[in-house]
């Protein structure tokens, strides 16, 4: 579904209980809105309830401020965590990259053709700009922050400054090969997506394609997840794999992996931008389209 | 999700308009029921609205007769076509088969281990029972109805009699290689599922694997669809494919195809049994799990 | 390709070096045989060479004893490990199973319709025969060997006796949930295939579907591998996965997993029976069709 | 496998018969070359034999001119059509594109990072250069050849001139939406690859995603094939699909399709560049890696 001019997205989570759907649907209807799509999920293990509702105003009706004002007490009654996305509000996205730029190039391509609707507010790289000479970076602030053992801490301080100054809503580690500190990871909880080049939890850590080659697996994969202080353990958003054979060298795995990585990361970013992902402890609820 | 003892499933379709979700959710809530899962779909081309709601009684509340009585006027107001499935109501399924029994064996295996919850009310075959000697048919009425050019019509009359007498809710053509007449297809509209061994609309008609081999495609597939009088043109429920290579002979395609056929047919039957499929003209809405 | 009456299969492995293909092809040609298919693989890391050749006699020529006698010195010259499979020689297969019989039922079905060409020489189960009442076991010796902590060792002795007495070439652990001892694993090196219900190396050990659910992965899988004394670390033969969502309970994963397990195990067994697998250290070379 | 400095690739096709593999392998061995990889295929329907051999010189030996001279009479004896590719010889590729540039951008990206080894000798577009402003076309001759009903013929003449003058070995229709004339298709037989946005033979002709949406299929796909005068009927090289649901609008299909198209086309181009494809009537033999 395309984002159309008048579509709002409401996401919410709360303890499960009777009457939630009726209360939400009833409130939207009374406020003059029409539900276009609604998805929900009861986690029977934790007894948490999750919901995503897309709605637009019934022609001539539908005052969003009224809806919002009335929704607050309803949300309080059910103990909801909730968010309301305005139509056409584009998230501000900061992209971080190391030497390999296939994910960066892919995300920017999808952005330029309006497949991914976001606002790129900067690219942070630990390699100089000429590394990315065939990626069209025109109009996007570029920050070269080389990282050495000695400068790691102060560079991270700069990263955080750039995030704040650019008012980034989402940070995407598009094959950024530096591990974020626990502190920064904590600050970015739920709004920093990483692509790891293995089907986690297999092959955590460094050189996963070499690990996969050594183990002799018959599938390789990639995993997009939210970054947490626990390396490669954050909530998984999307995964995919492709078959390989004994003939594939580590270089072949790197080549095949590029395709998996870029499509898995693009899917995760799209689902985040469309408010389809809700955190559920160390897991995700993904209301896919 | 497993079917649990108190789960009802409501499915409905009507012209789209504001307030439908609120009305349905409100009615269920007032009648003492809790919505466990709800999925909906607006077809913006035809302006039709489709919904599937799973609900169970709030402990101590929830009178289904009251809910049903109150729902009828609501449904009338919105012009809904609707159905309400009782908990644990098993559909009565008649299976039809020709020489190749891999789909029959697979469906019956899934039934015996309680993966597919139905009541097998009979098997109709145009080959004698010994053809299926390694399939466990114990306890299921078996009807041998050989078909020749001259007997086709009277055999179909018998098929219809068996359907009526066995009170079959669903007929599954599990590689039944006889074409049903227009009349019988019409009588079974929306409750007869066929598995066709190609990724329709490619390779309609006879010997699709040979057609695929001749054309040199690199994927073969299977399609489960509702039977209509228009051969191989009925609403598609499920499809899947597998890669093939130039090395594959037609016999290899038949072998690889068996696996695709049985999993596609099983998926379609499961979705039908769980009331996940709504007809939308010559297409289907499938509220997948 | 179907196994036809006169097809021989030669498999070999040796240190790489020039002239191997020419020597093998030349010998077969001179001995009156025609190469129908040949696949080879150079492992440039270990400098090992692997080959599989399918050949049949040129009409009126082709004496296999002469070919064999002449091949021995050639093999000695290159230091080859080699094997020659006669046409229509069916491997003797012993199947082992615990409570869940979907893999057993599937393998036996494929055997009965001549998709898998082997000779079933027995079924060993740690549950009584009535557990498998809907699987057609007629004509196959059934051994009930219940396992408790105290009887584990002596039962394994019986397993080994049955393997020897039945002259089993291949043992298939078709969801047999007892861990083989190191000693038995060693005796069965390269001829015992297990199906593990995860995409190894993720989720080794017990209850992999529950582990997968807890971790929140978006794909589940299954792995067929040769059994070694290192639990779940043996050479991988085949793997496959399917997408799952947050909605899937552990029970759903078990259900979806059954389909993956049976097709992955059947593929591995077929490749073994067709001499398509060569061991390469702790990895496999699989000359797929 | 990476293309390394001394690797030659020999491809050949001839009537099947005994001794071909032995003759080829023997000749290479005598000429001082080592076979690194060999794949073959007997088409038992047409009795044609196909082979692809990768070889490099044994250190200190291996004169390619000698090998070539000696191979000619051998090839003549077996009636072979054959080709020998020198190491590092890059094919000259002309890319043609219409409005949608995702395949163009993807192929050029893969070229720049040395994933696809070719020499881009030009881009022909029926839209002006600014249409592709975010694709890095620096250093590649760009030809704007707008097509109207009246100019179609003369524009094709110009296309042919550009092909000849640029000495293009391969023409890639990277979502070029103009149908080539029979004459031009014939001239480019076996060296012009098109990407069609459906899983052919379904949905030939215009607007395949709209056709797919109308029919209600549950998978969409893309097909790379050699262009022939028979529209959308040329030999298929590669195909892939992705699942869709009833929710997907034609616009969603276009979006999902872009990913399939670019990976299918890239795979086909790579296989062509690596001499992995042999024509077999209206089908292809693809010796995949």
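For reference, chains read A, B, C and D in written order, and residue numbers begin at 1 within each chain.
Assume a residue touches a chain if its C-beta (ideal position, glycine included) is under 8 Å from a C-beta of that chain, and two chains touch if they have at least 3 such contacts.
Just so we're on the same page, UniProt names per chain: A, B, C, D = Formyltetrahydrofolate deformylase.
Predicted model, so just to flag it, every value in this text is computed and none were measured.
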Chain separated most widely from subunit A, comparing mean CA positions: C
Chain copies touching (subunit B, subunit C) - same or different residues, decided at half shared: same
Subunit A and subunit C, separation of their C-alpha mean positions in angstrom: 41
Centre distance in Å when subunit A and subunit D are each reduced to the mean of their C-alpha atoms: 36
Of all residues in subunit D, the ones touching two or more other chains: 41, 247, 249
Residue ranges of subunit D in contact with subunit A within the complex: 1-2, 102, 105, 109, 112-113, 115, 134-136, 247-249, 251-252, 255, 258-259, 263, 289
In the complex, subunit A residues that touch subunit C: 41, 43-44, 199-203, 215-219, 221, 235-241, 245-247, 249, 280, 282-286, 288
Subunit B contact footprint on subunit A (complex, rising order): 18-26, 28-30, 33-42, 58
